[in-house]
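Below are two complexes that have chain A in common, paired first with chain B and then with chain C.
And then the complex of A and B:
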């Protein structure tokens, strides 16, 4: 067995016999098991509930009795976003963005029921996801166990006899690196298990594998940092201080600077101001419920001319339905413009935070993890867009029913004439215009492509730290 | 000549710690470098192991230059640092197996016991972790390592520091016995009495300068009183 393996094996024997290492690993493994169990139960329950609620919402909509189609436009529907299988490990921004949207005519509602707003019921524990344990706590575990990986040899004066046996600095570095890699392998087991479970729940094998490799790379990056600092400084206290500073900056300070930079670069307008501006714009579109609104006089003139008739009652379709449809299309375009601008701004902010991953492996792994898990901002935006397509689709389909199946004269008299009111009720079969909605995670390739920049940062960090560490190790002396 | 050092100059952190130091040691000899704190004793050993690059001068161990061929030198040298603790979480056997493995040796249990018998480490203690060992016991295990490696050269850094008188006597006997087997031993120490007990020759170091030299006459030991006086006058800081 060569020296490198012997050194690695010896390090492992030390950890196995060290009470501090044993207790630390037990505590952290306990945390990861607890958070994984909690997260798994919570995510599976949420997934089941939301898929079930989606079906219930559809059945409820379809089972509505005969009525005026515009009442169904206002009756509304729900779009649910079930958590993707890997959300068991990293729920990502799902906990703050909300996972269901009430869809109705003339409005784009925001997503509701974010877990972060309901933390009290979980006693705050809900936020301790397995991903958080890996991203924040596992580097601390590596620091606790490995900060003295070389300093201990110096302090115990074993470095001199060790190197006196012909062990070079590089061999020592490789042996210690091998020991840490073994530890990384053990620490990566929980994420591997969760990934396997996710694959059983329907996730793709490459996605599960890449998530495991991402965290293994992150922990390897930290191991490389441990080694570099261990070879750069001689005393345990300084090594510990440098590593803790790095952790503090990488985990707490740089992410906050990144968020602040994102906000400052692409400031978000306040909701009240946005709503007021949007209301102004919507006012110009006109009231879709009022066919006499002057905004629609041009439309009216065009239709009368097109069908060569003198008044709307003679049109082959219900003018009120046409107005509703036109107003909805205009309104949706305006709402979509606002939504796209907001999402573009959020995406730019998110890209700035992602690019700060060049300075913080914590940010890099966080972004890569959410992207692979399908719980990132892009996935949330896709959900919002798909839900909007569903909303606009069924609202316009109902407006077509309104325009095509209800006579204008019945429509305008339904408040005063019971017979007319009855005739404006259309067959419930028409509710089938509602399309089935099942939100699916993006394809694996798309998710991996989104994770690629952050994975590159992590790789560069790791290779850089390993390279500098090797250079320092070459000149190592007792 | 097993070890030769000629006109050695060493600087550390911009300070000259060895200045024009020269000595040589023949096979089977015990050479003691005596000096107070900061005299440059340990620096001399680390230079001979190739861990410190000298500014000027020549060094050779068994004909190899440690500056240019440190691996070859270390392969033939057993080095005992001051207060050799080895690994406290391992027992004597595990420590020996580990260090021997690093040096490319593989020996059986019987050979380990034989070496531990040579250094007179009690049988019941051998399977105990070294965190429970006294300093003398740890030194014995470190010497056993040198025995097992069959290293022709031993470099000992303050080997008797902190040992009780009985342990020092045991250790001195062991050093003489190893030298009698043909091993070349360089020990650095501030223990005048111990150095005179075992050394064929003694060099006095003071703040990096060689300030005195004593040699035993054939069949005799170096006179402790002479060395003690010279040490007090020239070498003690």
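And then the complex of A and C:
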């Protein structure tokens, strides 16, 4: 026990004295601080702005003058998605997806203005986020500092005397592991700080805590790999080569193979192609602007029979409003079917990528981190669904106004008769049917549950590497 | 020379890294070729569907206004023969739009999104392999060229027995660098053959790869010559790699984004929507006057008598675009300026430079994307030019004339 501490303390002392270790840690920590600061400013700004835009959009809608309710259906509304607090650390797919959707009648628009389009690009990994610094660069740092953790002693011929004094391989392993754990503790400080800040911004404590633990686990996993390789091979060159190979495959190659596999297993069909296919289905629904469309004759006959009248003018409600409402409901069902199909496909593709986390700790930590931060695909899908509920809600409420408050005779003559046109304009009080919309991140438990598979991959990796490492250490010889 | 070459062939570590380079470059090229093939087949299918759909829709129409309202037109930017090597903007900006004669500003910002998780991880194209991955492999090949021999205890022997010790190291490094260049170029040439890429483009791309690899080789050799331990060399080289391939691209993007303000995209659509929607409540003369300011040719036909007339409807669509014109131009100009600034700043970052150069060769850079957008704008203007006489002069509807509708030409110049 005592010699384990001694070994760890000796290692720490070496790192503190080594200019290489000092400078490397300083550079990487500087990098993480710089990217965190920048990301914080950017994210808080975006968050503030989206919340503000959402309020403005609602006020604008409510302050519209008297007009035909169907015009408000087309006037439309906006749904905005403010980034969650932990997006400061991991903006996840928010960088790629649009942050706002224009909502209007008869259409489901895609999220607009992915930031990526207007951004200047300069190759490399794009803009480094704090999460990327941890996921891509920190393992490199660990390799640089720790690859010679055993080999150095062997080269300096201090390993033989050490083991001659009765230090077993296990003790040596534990001592070095303890040293690396100390380093992991230091390297996890920045993510801890950002998590604390996010909690102050409204994030839940368990989410912040788990994010920190996830990255600590990821770094521990790499430390375990360092140890295993250090005990498996004798020369520094081979140790380095194996570690670098692992990093190359885990970080750069496997993730992109995962993407290609996901895409190939469930090929993506573009929106335009889907739209074209959908057109065929939609033609059967009929045009909601045209109450003479034959698809509505059944509806007409039913209503006439129900109210026992001879023609639509005598119905107690505006038949055109009923048609608009019926068409919207049918149309939305079709649109939702297609949207669900697309989201289902994306989820399957992403599940394949997630499962590749079994081969690459990089993918596992990336998925867990996005899930905990609430910047993953699932969060984006939830936003799309909630925005759709908002859209359908206000459109149907306005169609109800259309059916209930406007006379059919005025409605059909409004294009040719100025007086009828005036009478079809309803009071702006009616615009209050619009529901307030504030997009919230999913609950902590849901996010943690989504991260669970990836966290277990990381845990299995770590335990496995530690286990094999210990086995090798038992038979270690100088 | 032949001795060194034989030595290289026996050096299993070196061979391993070279084979890895060959492997990754091949995978990247293969995926790129597959992706362009996919894009082409999507396009072919879309063109067919688009035509069928337009014909079906047009057959049901009874006047010019409705025909213009319901017919969409496919515009597209087909992948070039070199797109397989660098997908660039094609991953983030649309290369297909289906547009109609409504206000264009409301249609041109839609994104045809892929699974965002894909874009998040990034594309593994040839440009990425060369710019980001190959430097690491070069570093791994060269960092302990000398220190490795020292650890193995052969350093003195080699330096004493060679007539010119300097010569030995240069030869050894030279062979490895040449091998990396070949390992990258051969897959590139294979891909170019499959895609029948223009010869000059392949030539320039190969020169770029060579220069870039030489640059990194030089950096690594200079560092490896220093009488230091291998791990120090590696750490320093890894630091240089992080600086050039991760930090500088980030800094360049951030600086360019900060330095050039670009209007919020959402504002353009919002402005245009407001203008179009307000028009319903404005006196028709106000709208027509705004329209005539820019299109005086129709002054004699611009009286609107009924509460709804198609010419008025399309006039306020046009006015909607006019209202958002300034913002829209600022958005385009802003993107151009950002792009110019970032390509200028790229001069300090070789990784950014070669990435940008590849995208330029492939026609997948920001400029190409903006040019495509301009082609779409021009096509939309042509549509208007075609329909306006029919709407304003109230020409009788004649389905046969629809065959003379403008056709989108993908290479019709910006």
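Criterion: the second predicted complex is superposed on the first by the 470 of 478 C-alpha atoms of A that agree within 3 Å, B and C clash if a C-alpha of one lies under 4 Å from a C-alpha of the other, contacts with A are read in each partner's own complex, and residues count from 1 in each chain.
Criterion: a residue touches a chain if its C-beta (ideal position, glycine included) is under 8 Å from a C-beta of that chain, and two chains touch if they have at least 3 such contacts.
In this text the structure is predicted, and so the values were computed from the model without any measurement.
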(message) Looking at the superposed three-chain arrangement on chain A, would you call chain B and chain C a clash or a fit?
(response) fit
(request) Name the contact category of A:453: first (chain B only), second (chain C only), both, or neither. (result) neither
(message) Quick check for you: in the superposed arrangement, does A:374 touch first (chain B), second (chain C), both or neither?
(response) neither
(message) Just to be sure I read the superposition right, which of the two partners does A:273 touch: chain B = first, chain C = second, or both, or neither?
(response) second
(message) Touch test for A:167: chain B only (first), chain C only (second), both, or neither?
(response) first
(message) So in the superposed three-chain picture, is A:93 touching just chain B, just chain C, both, or none of them (first/second/both/neither)?
(response) second
(message) In the superposed model, which partner reaches more residues of chain A, chain B or chain C?
(response) C
(message) One more residue to check, A:253. First (chain B), second (chain C), both or neither?
(response) second
(message) Once chain A of both complexes is superposed, is A:146 in touch with chain B (first), chain C (second), both, or neither?
(response) neither
(message) In the overlaid three-chain picture, which partner chain does A:27 touch, first (chain B) or second (chain C), both, or neither?
(response) second
(request) For A:14, decide between first (touching chain B), second (touching chain C), both and neither. (result) first
(request) From the overlay on chain A, compute the angle at chain A's CA centre subtended by chain B and chain C, rounding to the nearest 10 degrees. (result) 90
(request) Taking the superposition as given, tell me the minimum C-alpha spacing from chain B to chain C, whole angstrom. (result) 14
(request) Starting from the residues of chain A touching chain B, keep only those that also touch chain C in the other complex, and list them. (result) none
(request) Write out the stretch or stretches of chain C touching chain A in their complex. (result) 13, 16, 20, 24, 27, 31, 38, 42, 45-46, 49-50, 53, 74, 88-89, 92-93, 96, 98, 109-124, 127-128, 131-133, 136, 140, 144, 148, 151, 230-232, 234-235, 238-239, 242, 245-250, 252-254, 256-257, 260, 262, 264-266, 269-270, 273, 277, 280-281, 306-308, 331, 334-335, 338-339, 341-342, 345-346, 349, 351-352, 354-356, 366
(request) Name, in rising order, each residue of chain A that touches chain B in their complex. (result) 1, 3, 6-7, 10, 13-14, 17-18, 156-158, 160-168, 477-478
(request) Flag every residue of chain A that touches chain C in the complex, lowest number first. (result) 20, 24, 27, 31, 35, 38, 53, 65, 67, 71, 74-76, 78, 92-93, 95-98, 100, 102, 109-114, 116-128, 136-137, 140, 144, 147-148, 155, 235-238, 240-241, 244-245, 248, 252-253, 255-260, 262-263, 267-268, 270-273, 275-277, 279, 346, 349-350, 353, 366, 377, 380, 414-418, 421
(message) With touch defined as at the start, can you tell me which chain B residues reach chain A in the complex?
(response) 46, 49, 51-52, 71, 74-75, 77-90, 94, 98-99, 101-104, 142, 145
